[in-house]
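So that you can tell them apart, the chains are marked A, B, C and D in the order they are listed, and the count of residues begins at 1 in each.
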Amino acid sequence: MQFICVDDFEREAKRRMAKKALDYYQSGADDELTLRANREIFSDFRIMPRFLRDVSNIHLPSTIFGHKITCPLGVSPTAMHKLAHPEGELATAEAVNRFGSIMTLSTLSSTPIEEIAGRNPTLIKWFQLYLFVDRQESLKLINRAEAAGFDALVLTVDAAQFGTRRADLRNGFHVPASLMANFSQKNDQSIQSLDYIDASIQWSDVEWLCKVTSMRIIIKGILTPEDALLALEYGASGIVVSNHGGRQLDSAPASVSKTCEVLCSY
Amino acid sequence: MQFICVDDFEREAKRRMAKKALDYYQSGADDELTLRANREIFSDFRIMPRFLRDVSNIHLPSTIFGHKITCPLGVSPTAMHKLAHPEGELATAEAVNRFGSIMTLSTLSSTPIEEIAGRNPTLIKWFQLYLFVDRQESLKLINRAEAAGFDALVLTVDAAQFGTRRADLRNGFHVPASLMANFSQKNDQSIQSLDYIDASIQWSDVEWLCKVTSMRIIIKGILTPEDALLALEYGASGIVVSNHGGRQLDSAPASVSKTCEVLCSY
Amino acid sequence: MQFICVDDFEREAKRRMAKKALDYYQSGADDELTLRANREIFSDFRIMPRFLRDVSNIHLPSTIFGHKITCPLGVSPTAMHKLAHPEGELATAEAVNRFGSIMTLSTLSSTPIEEIAGRNPTLIKWFQLYLFVDRQESLKLINRAEAAGFDALVLTVDAAQFGTRRADLRNGFHVPASLMANFSQKNDQSIQSLDYIDASIQWSDVEWLCKVTSMRIIIKGILTPEDALLALEYGASGIVVSNHGGRQLDSAPASVSKTCEVLCSY
Amino acid sequence: MQFICVDDFEREAKRRMAKKALDYYQSGADDELTLRANREIFSDFRIMPRFLRDVSNIHLPSTIFGHKITCPLGVSPTAMHKLAHPEGELATAEAVNRFGSIMTLSTLSSTPIEEIAGRNPTLIKWFQLYLFVDRQESLKLINRAEAAGFDALVLTVDAAQFGTRRADLRNGFHVPASLMANFSQKNDQSIQSLDYIDASIQWSDVEWLCKVTSMRIIIKGILTPEDALLALEYGASGIVVSNHGGRQLDSAPASVSKTCEVLCSY
């Protein structure tokens, strides 16, 4: 097996991984319209190339919030890497560190905040946050991330209600407490209950976050220009345009949709 | 078999039901262009989600014509539920009653008007009406529905000519008199003849209905803004935008089409 | 086998007919883009139905050039019906006569002009004409059609060059002289050579036709508004909008294309 | 096997050629979106035919840069014809010569410039050029082409970076030095290294080419109106609108795209 394109990795993963874990990663919400749209929309774009310009020196490095990165690509937060491989987020972090870009660690990571940080002091680290009903519990995570040298909080805002992923339901898949490395509660019951994720989060919570931490705040899940402007207004340093990999609201537009196209579809 | 989405119910029905009955339910008219469009159009819609608004309290209940419903969804009229299951419309009515919404009983129901009403006194009941050539025969049904506590008449207007459903023709399917619970005539001949449904119905018949009953009149099958306005003008309390499940006029637009899209298709 | 829709006839034909004959009928030119477009375009049309108008009396009969027809549908010219069935054009003509509409006989019919006319005196008959290089030869056919009581000449104008129908080439299909009932030359060689069809035909030939016959002239194959207006100007009584069943110029628009759509495709 | 359309040749090639060679010819870059678009776009075009114009004399011959050609079609440069057949470019050149049109020989041809010219003195010959980092090496090729009677240089400008053709990578395909007939260096190492193709080429190189040769300069790979105008400005005699057969930048528009369509896709 040669790994020439991303599809090769997907094919190999399908061969190696347990069905439950694979389904957890590859499923989108409901009819998976948005999941499919995320990929298919790329065939709608046309790049109009210009030629006879000297491209012998191409400069990919960039800076983000004062940090140098080798290329404007980073790793988005995804849950429980140990579900895919026993080395989990440590392997991911090491790869990102060597590549020289940003690692965003999930709240639902299977490796603790402090272990990632301890092993990768020079890595640019962001921490993805779900805001819990119990704000003090969230504050503990925030403080730990800040203490561990994380640079930014990536607040996920599109999970007030979790999407229905049919394969997970058919497989009886539950987030295993043993893989929740950042929680003090180590029992399955408390973790399954999604009370952890607060459906009441609102813009004022962004202001609260700005007060309780000196890390930058990045809002993840924004899909409208209106919300992008509000993010700025409420103190966020940036946004991640995302539909959560098509796993939350089915019928949400593809992440790379052109705004005008989306508006036309009304 | 787990029932996670509507498709699961459809799959199970295909496994359990007799071919003739299944074909009766699942066929559309002619080439089934409209039948397919009814589903496929949903993939054309994009929901633009806004976030960071408190959604911890979501309020689905609503009121319709003074009745409280738990959710703005009701049951549309469909013929002969006993073709699918021996409990027929009684089971459907009980489910709708528990859910707390509207049950629309078909003229072609396999359970009599009075039995549905007697067993479900608190259910919000609407009665679907085909207007017969013999208006006195229709009047009997109207009076029975009103006496039984039905709240509204849902007049189907898109059946002046029945659609050609090829599978029914191939199967030699005929509406069995034994399943026509609301008719005094209990012989197959009179029921097969579609003279029962009057091709001459017109807007003045809506006025007539308003006079002969105190139930509200709802016009089912409207697909144009022009007809929607006429419905209002002739005394209807509402309309049901519908193409009869793609079973009547093939090439009619999908029920949830956006008007502008339809106009553009000319 | 029940015959419920046109597809049923096509399926049965595929079962019964010889491959060469079937391929002759079912092939379009080149990549068959236009052949497919002819059918597929129907799924792009939406009929916006209006309701509650008395449709108990539907009037299909019409008149065309002073003749009453039972319905605005007629039979287009197609070659060599005996390739499909030994009764050939006689059976077609009898069916059209009973139905009460127009029969257009092909120049390439496998039943002579006079036999069709003799057996169907009351049938409305049009004669399809290819204009030959030898105009006197064409004139003989015109005179025979007129003498036999044909009402109109349908001049095919889209065959200056015959389309490449790949299946015919693969099958080694040739128009058999034995099925060319209207030609004096009964040898295969003269008939294969397409010199018979004159690539030099032009609008002045329409004027010539108007002079040499009292039959009405109808131009078949028109696909642009510009040519439709020219047809009128040069004395034609009507046009047949057609792309020759997708058998001539591949990439020609579907016959029922909306002009605006076609213009937009530039 | 009959050869009736281009697809027939492709089918036969798939039957006869070695997988590595076939894959080299038939692969596009990355996801092959542009490769597929190149073919599929043809089904989007509609030809609006006009009729009744004398087409008995159709004139295909044309002239290009003072040379008569029998038809406005020529042969584009493609690498290593001997990969497909031992007669290689000599067979192609002979066919083009008989047909009476233009042969464009690739820099990467498997037959030397001088052999093509020597065997086909009357053939209209263009030479495709990649501009090497070592301009003197390029100049040698230019001088040889000019000396051999080539009429134009076709400068490929879309290869500053070679496209990723996955099948070639999977097959471990490398351009074999033994098939590079125009290079003095006959070792595989120097030829694999793509240093040969200079990523720094720019418009001033077109001016340089105009000075060092009296052959006309044609720029191949132009996809925007802006670059077409620049080509004119910098002294080119013409352009070849091309996306390199979908083998370079995936997501580039189909070569025959209408500009307005491409603009709309933004």
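Everything that follows uses one rule, which is that contacts are C-beta pairs under 8 Å (C-beta built on N, C-alpha and C of every residue); 3 or more make two chains touch, one makes a residue touch a chain.
Every value quoted in this text rests on a predicted model; they were computed, and no experiment measured them.
Peer 1: What is the Cα-based rotation angle between copies chain B and chain C, on a 0 to 180° scale and rounded to a multiple of 5?
Peer 2: 90
Peer 1: Could you grab the centroid distance between chain A and chain D? Build each centroid from C-alpha atoms only and quote it in angstrom.
Peer 2: A distance of 44 Å separates the two centres.
Peer 1: When the C-alpha atoms of chain A and chain C are each averaged to a single point, how far apart are the two points in Å?
Peer 2: Computed value for the inter-centroid distance: 63 Å.
Peer 1: For chain D, what residues touch not just one other chain but two or more?
Peer 2: Not one residue of chain D touches more than one other chain, so the list is empty.
Peer 1: Going by the touch rule set out above, what shape does the chain contact graph take here: line, ring, star, complete or other?
Peer 2: Contact pattern: a closed ring, each chain touching exactly two others.
Peer 1: Taking the touch rule as given, give the residues of chain B at its contact with chain A in the complex, in rising order.
Peer 2: Residue list for chain B touching chain A: 2, 4-5, 42-56, 258.
Peer 1: State the interface residues of chain C toward chain D in the complex, per the touch definition above.
Peer 2: Residue positions touching the partner: 30-31, 33, 157-158, 160-161, 164, 166, 169-170, 198-203, 205-206, 219, 221-224, 226-227, 230, 249, 251-253, 257, 262, 265-266.
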